[in-house]
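Chains: A, B, C, D and E, in written order; residue numbering restarts at 1 for each.
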Amino acid sequence: MRKCSLDKINLIFAEIAKNAELYLPVDQNDGSAAYKKWEEGTAWSNKLNTVKSPKDFFFPQTEDLMQFKTQGKNIEIVDTRSALQDFVIFGVRACDVKSFDILDRVFLSEPVDSFYASRRKHGVIISLACTRPSETCFCKTFDIDPANPTGDISAWKTESEIFFAANTEKGAALLDKLSSLTEECDDAAVLEQKEKINAIMDKLPLKNLTTDAFGGGKTNELFNAPEWDELSSACLGCGTCTFVCPTCQCYDIKDFNTGNGVVRFRCWDSCMYSDFTKMAHGNNRLTQKERFRQRFMHKLVYYPENNDGLFSCVGCGRCLAKCPISMNIVKVMKKIGGKKDE
Amino acid sequence: MQKITRDQLVSKASELLSNGTVCCVLGWGMGEFDYDVTPTVFNTVEELNNGFVFNDFCGANFSKYLVSKAAKCDGKILVLLKPCDTYSFNQLLTEHRFDREKVYVVGIPCEGMADVSKVKAICGEGILAISSNGDNINVTTLYDENPIVINAADVLAERCVNCKSKKHVAYDELLGDEGEVIESNRFDEVARLEAMSADERFAFWQNELSRCIRCNACRDACPACTCEKCVFDNPNSGVENKSPANSFEEKLFHIIRAYHVAGRCTDCGECSRVCPQNIPLHLLNRKFIKDINEFYGDYQAGEEVGMRAPLVNYTTEDLEPGEVFDRGADNA
Amino acid sequence: MQVNEYKPLIVAFCCNWCSYAGADLAGNNRLAYPADVKIIRVPCSCRVNPMFILRAFQRGADGVIICGCHPGDCHYTSGNYYTRRRMAALFSMLDYLGIEKERTRVEWVSAAEGAKFAATMNDFAKTVASLGENKRLEDLRCKK
Amino acid sequence: MQRVGVFVCWCGSNIAGTVDVEAVSEALKSEPGVVFSTNYQYMCSQAGQDMIKDAVKEHNLTGIVVCSCSPRMHEATFRKTAAAAGLNPYMVEIANIREQCSWVHKDVLTGTEKAIILGKAAVAKVNLNTPLIPGESPVTKRALVIGGGIAGIQTALDIADAGFEVDIVEKKPTIGGKMAQLDKTFPTLDCAACILTPKMVDVAQNEKIRIFSYSEVTEVQGFVGNFDVTIKKNARYVKEEICTGCGACVEKCPMKKIPNEFNLGMDNRSAIYIPFAQAVPKVATIDPNACNMLKNGKCGVCSKVCAAGAIDYTQKDEYINEKYGAIVVATGFNPISMDKFDEFAYNQSKDVITSLEFERLTNAAGPSAGKLVRPSDGKHPHTIVFVQCVGSRCESCAEKGKEYCSKICCMYTAKHAMLTRDKYPDTEVYVFYIDVRTPGKNFDEFYRRAVEEYGVKYVKGMVGKVTPEGDKLKVQASDLIANKQLHIDADLVVLAAAIEPDKSARPLATMLTASMDTNDFFTEAHPKLRPVESPTAGVFLSGACQGPKDIPETVSQAGAAASKVIGLLAKDKLTGNPCVANSNELMCNGCSSCANVCPYGAISYEDKEFRMPDRTTKVRRVAVVNPAVCQGCGACTVACPSGAMDLKGFANSQIMAEVDAICK
Amino acid sequence: MNNINETLIPKIGVITDVRIDTPDIKTFRVVTPDGKKAFDHRPGQCAMLSVPGVGEAMFSITSSPTNEEYMEFSIKKCGCVTDWLHQAEPGQQITIRGPYGEPFPVDDVFAGKDLLFIAGGVGLAPLRSVINYCRHYRDRYGKIDIVYGSRSKDDLLDYKEIIEEWSTDTGVNVHLTIDNPQEGWDGHVGFVPNYVKELGFDTNKVAVLCGPPIMIKFTLDGLCEIGFDKTNVYTTLELRMKCGVGKCGRCNVGAKYVCKDGPVFRCDELEELPSEY
C-alpha cells in the first residue's frame, strides 16, 4: 500500500497524464460532476459520483464502427478507427467498477466485441472508496463493498491523504510510475477508513433491500406479476434511467450518410423506447409496461440467469436520483419482491 | 410549505370517488424518500389513504398524462392541477388531445415546489427526511446529528422562483383561494443572455448543450410534446437520431424541439425539471415566448382554450425577420 | 482568381411564383451573381421547414437565404406571412444560440425583380464570405 | 430508388457556351439511380423529346432528369414527353442550368461545376419522386350567387346565359340592391332604374335563374364543384307563388308608420309592404316586428283584402338544401354609420344627410317625389355643402372610419352637385375634398364640367364642424389653397360616407373558408392575376364585397366572375393539382395547427379509430386534406410538428435530398 | 480492412443473381467479390445483410450448407432494406456478416428420424436450407414430409424447385396447399394447420415449423392434437434479431437471446419462455 498527501494530488495527476490520458470527475457549472480529461489546473470533484457513469469510456454513447464508400454498384469498407491511447480513469466508485464486470460479460463473451475489448485493454481504472454515500446508495444489496473498491488500483481518501493499492499488473505498473510521489505505508489508516464507511453503510435507508425474490429461473414467477401495470403506469418512456445506468448496454447500429460516404455507427439505445424492438416482424414489446418490465426483468432475472446469478445492477442510485417521475429499481424490487414476504 | 394539506386532498378525492363523480384519481404516490413522489393513478379510497402524498416535491405536471389516461377510464378521471399545470391543460384541450368530458379537474393552490437538487446543494448527500415547517424546511441527513433548517424560498425550483401565475385557468372545482397572474421576472435570464456577445452566447450554449445525453426526458415530460410520433424518432423524417453524435445534433434537437413547441409552450418548466443534466432548457422556450411577446404582442399559451398560436397566425404588419436582430440589440 | 480563395456555399430556397421567376429573370437579363448560390425550388416560401435550414448548415452550407413573394403578393395569399413569422422566430433563436445572424436571411423578390435577385445574392454571398466557414452549426462528419 | 435517365440540353450555345455539357452528363452518370445519361442540342425539340422517349423504353427508365432551361419554361413539355413514353408525368425533374447557371455565370469551370451540382440535386429528388395522379371530382352544374344587387344580377344573368342554372340568395325581400336606390348614374347621368329594372325583370323571367329573396345562406359544406349549401328562407307570411303583387294589402294595412328602409327611413311604409314598385319578386312581405296580427293576433286585414288568398300568418322559416358547383359572393356594401361623426351633427340635424339619402331625396320615386327639399321642413335648400371623405382615408381616425379610399364618392358627389345646380340654379353648392379622384373613362371630364359649366364650388379642405343654429347649419371649414377658415351657413349638408362591406360578409366568409382582409373585404386569389376568384377554390367574388367599386367596374367584375364560373361548370370533372398536402393519419395528432394556416380551408378533421399497441382501440382526431381544395402551398407541412403533413411533389424527404446533394 | 473477422464489421458481398419467386419475394444469390462463398454455415443459421446508408437486416440463409459455391436468401419486401434489395440488380455489392444463431440439430436429433417440415408463406425460406441439407444427406434420415402453404399459387416460394426436385425425390412427400381456390390449381385448398390435421401424420417424427406467428400457433396446437410431443417440434424465430451477436439487447425472449440461443427453438423450450414473442 502506498500513500501520498492530498496536497500532492495534482502532481500525481500530472505524472499519470504524462503517459496516458487521465480522466477524473470534475465539477460542472450546473452543480453536478462529470468525467473530464485532466489538464493542468483541472480540479478533482468532491462529489460522490458523476451523473453519467464511466461506462462511456469503454462503451461510448456513439462510436463509429466503419465507413462505406460507394461507387456505382461497388462498396468499399473503410476502417475509421484511430490507434487508441492508453488512458486512466481516476476516482471510480466501487459500484461503477463492478459495472465493468457486468459489461465485460456481455461484450467480452463470444463473439468478442473488438471495439469494447480494445478500449478495455487500453484503460486503467483507479477506483476510490466512498466516504459519504448517499441515501440513494444500495450497492450492498449487490454485495459490493464501497469501502473495498476493485479496479486496477484501489484508492482510499482520508482528510489529508490518499492511499493506493494495486490489484492488477496494469495497476501495479502504473503505481510503480508514481513511486517517487508516493510512499509505502501500512493499511492502518485505510482500515480505519473502511470501518467508518461500514458504520455509515449500516445507517443507509436502503440497507435492507434484498434480491431474495429475484435471480435466474424466476422468469415465470415474476413475468406475469400484476404489479407491473401499476409500476409502469407513470413511465414516460424516456431513456434517462438507461443512459445514466452504468450497466445498461443496449445499443443500436445506424448508418449516417455524410454526403461523402456512409458512416456506420453504434449508439446507446434504450429498451424503454417505444420502437426499440421494432424489427422486421413488427414490435414484440408494444406497450410501455412490456418495455418497463423488460428492463427490470433483464437486470434482476434474465441477466443473472445467464451470468451465474450476477445481477445487472450495482446499486449506484443514479436512476433513483434522475428518473423524471421517480420510478426506479428500488421501488420495483420492493413492490415485486415485497409480496413474497406477505 | 403548501397551504393545502395532503389530508384535504385525500378527503376531496375520496369524496369524488365515493360519490361516483370520478372513477380514478391521478395524484402523487409516496416514494422511498420524502422527495421522490411518483405520479400514480389511485382507484380506491383505500389506495388514496395508503399511498397518496402531497408535499413540496409534487412538481410533476399531470396534464400530459391525460392524453393517455383519460381515454382509458370508463368514467371521469380526477386530476389535481396546480395553477401552472392548468395552462398546459388548456393548451392540450386547444389541440384536441383529450376529451374534456372525461376529466374532472380540481385546481389546487401551489406555494411553489422545492427542487431537491437545491436541497442537496445546501445539505449534501444522505438526506433521510425532509419536512416542512412554516417557511422553513427541516432536513435530516446521515451526516448531521441535528436537522438542518433551510429557508424554503432558497430551495424553490427555478420555475417557481419565476412563477408566472397562481391563477387556475381551468378547473371544475377549486380548493383554497384563487391566485392571480404574477408579473414575474422570468425573462431576465433570457435578457441577460441576449445582452451577451454572440461568442459568449455560443460558449454558454455549447457548454450547456454538450451535457445533453439525449435521454428525451425533456421531450417525454413536455406537455406540448404529445406527437404520436416525434420527428426525432421517425426514421423517415431525415432528422431521427438516438444519441447526439456531435454538437450539431445536440443543437438540432433542442432548436427544433423548442421551435415545435414555440407558441404552444406554456412555460411550465417540466423540461428543465426533468433534465438529468440540469440543462436550462426552459431558457430556449422562454426565448421564443419572449420573442413572440415582443414581436407579435403578449401571448400566453393555454390562457384560454381555442386560442390560435402566434406561429400559426399572422398580421400583414408583422416585422421582417431581418428586423428581429435590431430589436434584440435594443433590448440588450 | 486565387486558387485557395474561400468559396462559401449558399442555399437559396425560392418560391416558385415570385422569387424563382425573379431568378429566371436575372438569368434572362444575364445579371451575374456568384455560382456559390444554389437554388432550391419550393412552391411557396412557407414550405421551408426550419429543419431544411439546419440540414443545409449541417451538410456544410455557409449561408441560407429564403426568397418569397412580397408580403401581400403571395400566390397562396398568406404563405409568406407565415414564413415571416417562422423565420423571425427561428433566426432570433439561432442568434440567441450565438450562431452568426448574418448567415440566414429572408428576402422578398418578385418575378419582376431580376435585378434585385442578383443584387441580393451578390450582397448575401459577400456577407457570408466575410464570415468565413460555418463553424457553429457544422457537423464534422459531413466535412470533406 | 429510380432508374434515372439524365438528359442535358445544350440549348444551342445558351447552355453549352458556358457549361461543358459533356462533362455534366458524364459526371451525373455515377449518381445513385442513374442508368443513362446523355446530352443533346435541343432537348425540347421533337428530336430531343424522341430521344427521351426512346431512352425510357430502352433503359426501362422510371425517372427523368432534364438539365435545361427553367422548369417554368419547359417542365410541362417534358412532363408530356414522359407521359407519352408511358411514365407518370410527375417522374420528371428539371435542373435549371440555363437561367440559373449558364446565363449568370461567365466561367466555364464554375458553370460546369454548378450545373453538375444542380443536376445531382435533381437526381436526388427524382429518386424520391412517386407517381402522382391528379384527383378528379365531379362538378354540380349549378351556381349560387349570394347577393342580388347589380353584381349578383349581372353574374347570374351571364351564367344563366351560358346555360347553367343559377340561384340568387338575397336577404332583402327584393333584388336590386343599392343600385335600385340610386337616382342617376355617373358619368352619363342615365337613370339607374331605367337600366337596372329591365335586368331585374330578365332575372325574374329567366328559366335558369331561381331567386331566393328574403333568404340567407346558413351553412356551406363541401368544396369546389361540390358545395352543399343550406339556405334559410325567412317567413314572409305571404305565399310567394300566389301573391300577385297587386298592392291591395299594402294599401289597407292599418300599420302605416314603419320607417321605410328603402328610403332610408325618410318616409314610412306599412307593416305589409312591397319595397318599391319594380321589386322582383313583386311580392308583399309582412314585417313581423310591425304586424299586429303576428304580434298579438289582432288585425288580419291583409288576409281579408287579398283576393288571391296569399297571406299565411302561420308561415315558418324554411330551410332548403341545395348543391352547387360554384359560389359567387356578391354581398355588396353599405355606407358606414355616421354615429361616430359628431362633428358633422348627423344625429342632431335632419338636414345633415348621407349621399345615399340624397339619392333618395332627388329620386322621383323617393320620399319627396324627386323634389330636393330639406328633410326637416320641406323647404327648398339654397346653400348645400357636400363633405367628401367622411370616414374614408381615415389614417388617424381608424376607430371611427376606414383607412381606405371608398373610391365612388368623388364621382357621385360631382354628380349630385352638378344635378343640383342643373335643376336648381339658384342653389349654391360647395364641395369640400381632400383630393378629387377621377380615374375612369370620362370621369375627369365629368368633374370638370361640374366645376366649369355648373359652377360647383370645390374647396380643398375639410369641414371641421357643423353646428345647427336656427334653421341653418353653421359649417366651419378650412380652405387649404386660400389658407383660410370658411364659415358657411348651409341649408343642407351632404356627407359622402365611406362604404364598408355588408355585415353579413364576415360570417359568410367563415362558412366559405374564404379569406378576408382586415376591413372585411374578401381577398382575391391574386390581386393582379386572379382578381375575381377567392383563394378558396370554387368561390368567386363579384362587386363591392371585394373592394369599393362603381357600377361599370362592378358589372365588368360580375361578368368576369361569371366567366370563371362558366369555365368551372363547363367541366364534367375537376382535375386537381396532384402536388397537394397529404396527412399521415398514423402520425397526426389532430392538433389543428395545419388547419389554422391553410388559406383554402382544405383541411378538416375526423375521428378515426386506431388499434393501440395494447390491442385496445382508441379514437383519435386526425386531419384530412381535401385534394380538390388544396393548392399545394405547403404552409401546413411546416406548421405540423410531427411531420405527419407532407406535400406531394415537394416532400420533406425530397427537399432534404436536394439540400444534401447541393451541400455534398 | 485488416481484421475482417471482427464481430460487427461485415464483408463485401456481390449479388450475382436475382430470382423473382412471388410478387413480393425475390431470391438473391450472394458471393464474395472473388466469387467465393462468404462463410460456411449450418442449416437454420442467419446472416446479416446490409446496404450502406439504408441499414442492416437479418435474413435466414435459404441455400443449403452443402452448396459450396454461394449463398441464397429469399427475401420478402417489407421494410427499407428489403425494398432496396428488391430494386438491386446483379453486380450490386452489399455487405454480409455471419453466420448467426444456433442451427437445427440436423446431425444429432434429426439423424435417423422421419422428418416433417411445415411452412407457410415466406416461412419456407429458413426451412429450404434444412430440407435441401436433408435431401443432400438423404440416407441419414427417414421419411421426409413437407407441408407447404401460401395465400395463392403465385405466392408459393421455390415452386419450380419443389415440383421439379423435391417432389421427385424418393421418400420425400410434398403436400402443397393454398388458402383460397384459384384457377389452374387442382391441389389442396385450405389453411396449413387444418391441412396438417387432415393429413394426420404419424407422431414419432421430428416436426419443423416456420411461418407467420398465427400459423405456428395453430399448427402447433394441431400437431399436439394429433399426438405430437412438443419436444419433437422445432421452430425458428429469426425475424426478431438485430445485432446478431447477443449484445444489443433486443431479441431476448425472457432470458433467451434469439440470435445466440436461437433462432431455432424446440417448442417445449419456447413454452417455458414468457409470452413475449
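Here, a contact is a pair of C-beta atoms (placed from the backbone, for glycine too) under 8 Å apart; a residue touches a chain by one contact, two chains touch by 3 or more.
Computed from a prediction, not measured in an experiment: that's the story for all the values here.
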item: Shortest walk length in steps over touching chains, subunit A through to subunit C; value: 1
item: Touching subunit B and also subunit D, the following chains; value: A, C
item: Most remote chain, CA-based centroid, reference being subunit E; value: D
item: Which of A-D and A-B has more C-beta contact pairs; value: A-B
item: Distance from the mean Cα position of subunit E to that of subunit D, given in whole angstrom; value: 66
item: Approximate Å spacing (C-alpha centroids) for the pair subunit C, subunit E; value: 53
item: Inter-centroid spacing, subunit E versus subunit A (mean Cα positions, whole Å); value: 39
item: Multi-chain contact sites of subunit D, meaning residues that touch two or more partners; value: 597, 639, 652, 656, 660, 663-664
item: Subunit A: positions in contact with at least two other chains; value: 70, 252, 254, 256-257, 259-260, 269, 274
item: Pairwise chain contacts, counting only pairs that touch as defined; value: A-B, A-C, A-D, A-E, B-C, B-D, C-D
item: Residue ranges of subunit E in contact with subunit A within the complex; value: 1-3, 6-10, 12, 52-58, 78-79, 82, 89, 91-95, 213, 239-243, 245-250, 252-255, 272-274, 276-277
item: Of subunit D, residues touching subunit C in the complex; value: 70-73, 96, 98-101, 103-107, 110-111, 113-114, 117-118, 121, 515, 523, 525-527, 535, 579, 597, 599, 631-635, 637-639, 647, 650, 652, 655-656, 658-660, 662-664
item: Parts of subunit D lying in touch with subunit A, wherever the complex brings them together; value: 30, 32, 613-614, 660, 663-664
item: Touching residues (chain side subunit D, partner subunit B) in the complex; value: 517-518, 586-593, 596-597, 605, 616, 618-621, 639, 641-644, 652-653, 656
item: Contacting residues of subunit A [partner subunit E, same complex]; value: 65-66, 68, 70, 73-79, 106-107, 109, 111-115, 216, 219-220, 223-224, 249-255, 257, 262, 264, 266, 269, 271, 276-277, 279-281, 284-285, 290, 294, 297-298, 301-303, 305-306
